[in-house]
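Here come two complexes built around subunit A, the first alongside subunit B, the second alongside subunit C.
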Partner chain A sequence: MSRRVLGLFLVAPSLAVILFLFILPLCLSAVGAFRVDQAWGLGNFWKAFDLYTKDILFSAVIVGLSTVLIGVASVAIGGYLTLGTHPVAVAILRWLYRWPMFIPFIVVGQILRAFLAKNGMMNNVAVSLGLMTPLDATSFLDWRGIVIAFVWKQTPFVALLVAGAMASVNREGIEAAVNLGASRLRILFEIVLPQVTTTLAVGLILSFVTMMSVLSVPLMINAQSPTMLTADIAFRVNSYGDYGVANALGLISLVLAASVAWIYLRISLKEQA
Partner chain B sequence: MSSTLRSSLSTLWWVPRGLIFGLMAFFIFGPLFNLLLWTVAEKWYFPHTLPLQYGFSAWERVFAPRGGALDSLRNSLVVAVLTVAVSLALAVPAGYALARLKLPFRSLILLAFLIPQAFPNLTVYVNVARIFYEIRLNGTIPGVVLVHVSHGLVYAVWIATAAFSAIDVELEQAARSMGAGALRAFFDVSLPLAAPGLMASAIFVFLESLDEFTGSYFVGAPDVNMLPLLLYTAGSGGNYQTASITALLLLVPSLFFMLIVERFLKADVLSRVGR
Partner chain C sequence: MSEAGFLELTGIESAYGSTAVLKSIDLSVRHGEFVALLGSSGCGKTTLLRAIAGFVTPTAGTIRVGGYDVTQQPPDKRGMALMFQSYALWPHMTVADNIGYGLKLRGVSRAERAQKVAAMQALLGLEGLGERKPANLSGGQRQRVALGRALVIDPEILLLDEPLSNLDARIRLSVRHELRALQQRLGITAIHVTHDREEAMVMADRIVILDAGQIAQQGSPEEVYNKPASAFVAAFMGAENLLTLQGSVEGDRLVIAPGPANALGSVPLASRPLVSGAIEARFRPEAAQLFPVDAIPTLGPGMTFRGLVRSVSYPGGVWRHVVQLGDREVLADSLQAFAAGDQVALHVPAPSLFLFNSDANRIR
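Let's look at the complex of A and B:
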């Protein structure tokens, strides 16, 4: 047996799992979105837009805002880890920022629900520090809660990628800029950041897609309208057995995720040209 | 600038640093501490900052034979262990082939394993549940294991590939030239050398499976109850004690693995992941 055939033979079972358990259902979902009562049509999409336009916009805005905040936070963390001058402060940050990385989304939903509630620990601490009165306390369990949960959970992952990429940036350029008297903020934005944009973009796109498909966080933090598309999809299937509209909503979130990747590809192609 | 002024200035820098690190620590550890308080709170209501009464009665209720936690814990562990076994059985040959043998479309094959992470997967699970329903796999442990395998395979295959390519080819060639067959060289040389990397990939797959909610929700529930589902049901029923105890059960392995995974995932393997 040639090495090539042997290799394909060894890889085939794993590829079959991906093919039958992911790609096939993905295609079924795309096809199912266009099936209305045994016939082809756009009925599911009209119904989806009719009922859930607000939630489509809501999902796009929430996930977009979270992505921007995650990007800013992870550049700040990575930048400090790379350019920070005080070794103790850098060590503290390196120890501190990673904790939420492996905590599952469902647990994040639960602990932030208890933390951000009207009588949760965040408001309680603010009240006991005298920052506000108990009457001013408001619940954060709406769109803000979802954004906080996403940023809380995804920032360590992107920051880890970005910090890793920043650590492999050539130190000589940075040191030359330091010797010429450039501020560290300027070094971060003009020397370090341009060299890690690819890593940052990959991390942010993966986070965007992950957030688009998280069901537990919107269910736990805010399942009332307006809510995320994932909660709507689960509702259509569980309450009505309405796979058509659920598939249409799934295709819409796929298009949202794909458009982000497409924008990124366009920008990076333009830069290379 | 005199040296005393400089040193007092550098001490002064700890004020903004302390403020920012303090805020970060509050937002990272505050929710976790709050969770710990809920697991031992007997009575806690508005407007009290701290629980009024502490105790372990919620633990007793959760771990009572009819509390459901033991059942979910057992299901979760069985599914996670089976998922690791199936994923590694698939990923070890695939990783070896991708690392050592000349494969056509190698980078495309590697990319294919990323697909389950790169597409919003909710509707996929909805449709998997439909297919499984027809072939009677819905609501069974093998059904849930298959869904978790498809999701965790990217870690298993990518890390296994990196682990095998980090091994010096000459070691295998030396074994072969001393008369060992291909299988013997693989089992006596390559596999033991790749073991730490394979251990790391097993840890990732185990965690993915333990924490997976969406797939278990559509394919497993309500017949196969798992910890994330118990957490969700308890949480949406407003039972914060049970929800917090379940969350803690899921949290401890995640944090523990975060602390030890660097021991298994050495830089020589890590730098090859995805290549």
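Let's look at the complex of A and C:
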């Protein structure tokens, strides 16, 4: 009995931190989403949908598109690291691809702001190479900028997971496919990728949730409407002190993230069956 | 296509960093022949197999199949199928998909593929397992799926990398014969890597014994077993009992000087390339005959030693004795048990006594 008490006593500090700093605020804000003028109601949600339906769709589409592109890029990187035959190219890629992971989102936003602007580095290079005239230059500082920032920042993380999983795929299984005459591309899609789908899904879901919660990138790159939900939440709180609608928007983005996790759970349950 | 030299290796060399793994291997394999590459771990047998398969590019030498140089060809352009030690089945595919993948890559239609896969499953006794995943198969079934995957593309040469080493000892014995029978039925050329002497003996037409990246000896199982060309081969083929003797060549006989355990004796030279000097004598436990010292019958040509039984055990069939001969201990089998402490005469018939000049003589 005393051992059990001692055990509880030992986990109490961390349990308290989770309860009071994580669970409680989450519950309070979820409850707060349903409070309108000291009464219960769905008013915050009607207001949120009324004002921000475009932004909800914008967020879902932007993050969804980024997730797909991250998946494609990380499979390409992991595949080349696993199946690439040029040792120098593989070594360079292995060294290079992880760097964006160590750069904070706000810095990514700043870098890309300078890079993608109408008179930014990307257009300047294109103009000086004679690929276009200064008049044709357009700014990428809209939804495209957000997608580029997300893919740039999150691909290394997913690629790291995917490349690790691919490296642990039985080497002889790959050689057996080579022996039967499979091309590198077919080996990637028919032999290697099916064996790492779970890892890829985990990486993409974690990325999806991370991207749903990034505030700095939409603020830095896309200072216009429609924008992402995080910017709207910050705006409701900072400009109006409107915690009700902010809480409702928070709950909506939680549902978006949870729906992705639900898809993942279904896949992994099906795999186990 | 000529029968002889269907698969022809000439001067194959391979190195791992600065370490030479294969040193000038020459090997010629007939069409339909079953060749076992036998050696201890690290002797280069798997590297040689991988070089034949095309996964290792030799640093020197050529590999020809049916007269065509395939040394620089990729693995799939050599008409060979390799069966891996780990079986290397694809865990996400069913048995039927695993077997049929090679056909899918060759653009065989779905119907024809299903028919060929079914035929292969029937051949290998895998009926009814087509929809299972490899994880739900026994070791023996996985081994047969791997074999089916290799055979379904009709390779001219089947390469086997220790295909039986992951099986239970009991299953292994029957699979040896099944695999051999299948190879003969299909008339396919097979190269089989193994470190198991008995496996090589019962399966192969020809055994190639590798030692430190070189061919130590090659020949039929009877040849390498009864006429080992070197002390290494003799020891590898089970003649672990070692005695050092002094011998001198006199005409067609080798006269052996008296030693701590033997009187003056001689054996026919029988075309052994020996010179006078220190002799390494090797024999198998089952080749020795034990007699009580006071009742030695008349014996044929060979050497008779006197010794003391140290211990005795019964591994089955015969009694195995540890006998001290001078300062050496040897193993000797006998149908009749002797007790520890008995004085015995140990006779080794001349054909079973493998004699080699000791290293010191060879260097000279």
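Keep in mind that, in the parts below, the second predicted complex is superposed on the first by the 262 of 273 C-alpha atoms of A that agree within 3 Å, B and C clash if a C-alpha of one lies under 4 Å from a C-alpha of the other, contacts with A are read in each partner's own complex, and residues count from 1 in each chain.
What we mean here is this: a contact is a pair of C-beta atoms (placed from the backbone, for glycine too) under 8 Å apart; a residue touches a chain by one contact, two chains touch by 3 or more.
Everything numeric in this text was worked out from a predicted model, so none of it was measured.
A.B. asks: So if we stack both complexes on subunit A, do subunit B and subunit C clash, or do they fit?
C.D. replies: fit
A.B. asks: Touching A:I191 in the superposition: subunit B (first), subunit C (second), both, neither?
C.D. replies: After superposition on chain A, A:I191 lies in contact with subunit C alone.
A.B. asks: Tell me which of subunit B and subunit C touches more residues of subunit A.
C.D. replies: B
A.B. asks: Figure out whether A:G32 sits in contact with subunit B (first) or subunit C (second), or with both, or with neither.
C.D. replies: Touch status of A:G32: first partner only.
A.B. asks: Would you sort A:D136 into first (subunit B), second (subunit C), both or neither based on which partner it touches?
C.D. replies: neither
A.B. asks: What is the contact status of A:P13 with respect to subunit B (first) and subunit C (second): first, second, both, or neither?
C.D. replies: first
A.B. asks: Please provide the least distance in Å between a C-alpha atom of subunit B and a C-alpha atom of subunit C in the combined superposition.
C.D. replies: Comparing every C-alpha of subunit B with every C-alpha of subunit C, the smallest gap is 8 Å.
A.B. asks: What residues of subunit A sit close enough to touch subunit C in their complex?
C.D. replies: Per the touch definition, subunit A meets subunit C at residues 170, 172-173, 175-182, 186, 190-191, 194-195.
A.B. asks: For subunit B, which residues are in contact with subunit A within the complex?
C.D. replies: Contacts found on subunit B: 10, 13-14, 17, 21, 24-35, 38, 45-47, 49, 90-91, 93-94, 96-98, 101-104, 109, 112-113, 115-128, 130-131, 146-147, 149-150, 153, 157, 207, 210-211, 213-214, 217-218, 228, 231-232, 235-236, 240, 243-244, 247, 250-251, 254-255, 257-258.
A.B. asks: Which stretch or stretches of subunit C touch subunit A in the complex?
C.D. replies: Against subunit A, the touching part of subunit C is residues 53-55, 74-77, 80-82, 84-86, 88-93, 101-102, 105-106, 149, 153.
A.B. asks: In their shared complex, at which residues does subunit A touch subunit B?
C.D. replies: 3-4, 6-8, 10-11, 13-15, 17-18, 21-26, 28-29, 32, 86, 89, 92-93, 96-107, 109-115, 118-122, 124-125, 127-128, 134, 152, 206, 209-210, 212-216, 219-220, 230, 233-234, 237, 243, 246-247, 249-251, 253-254, 257
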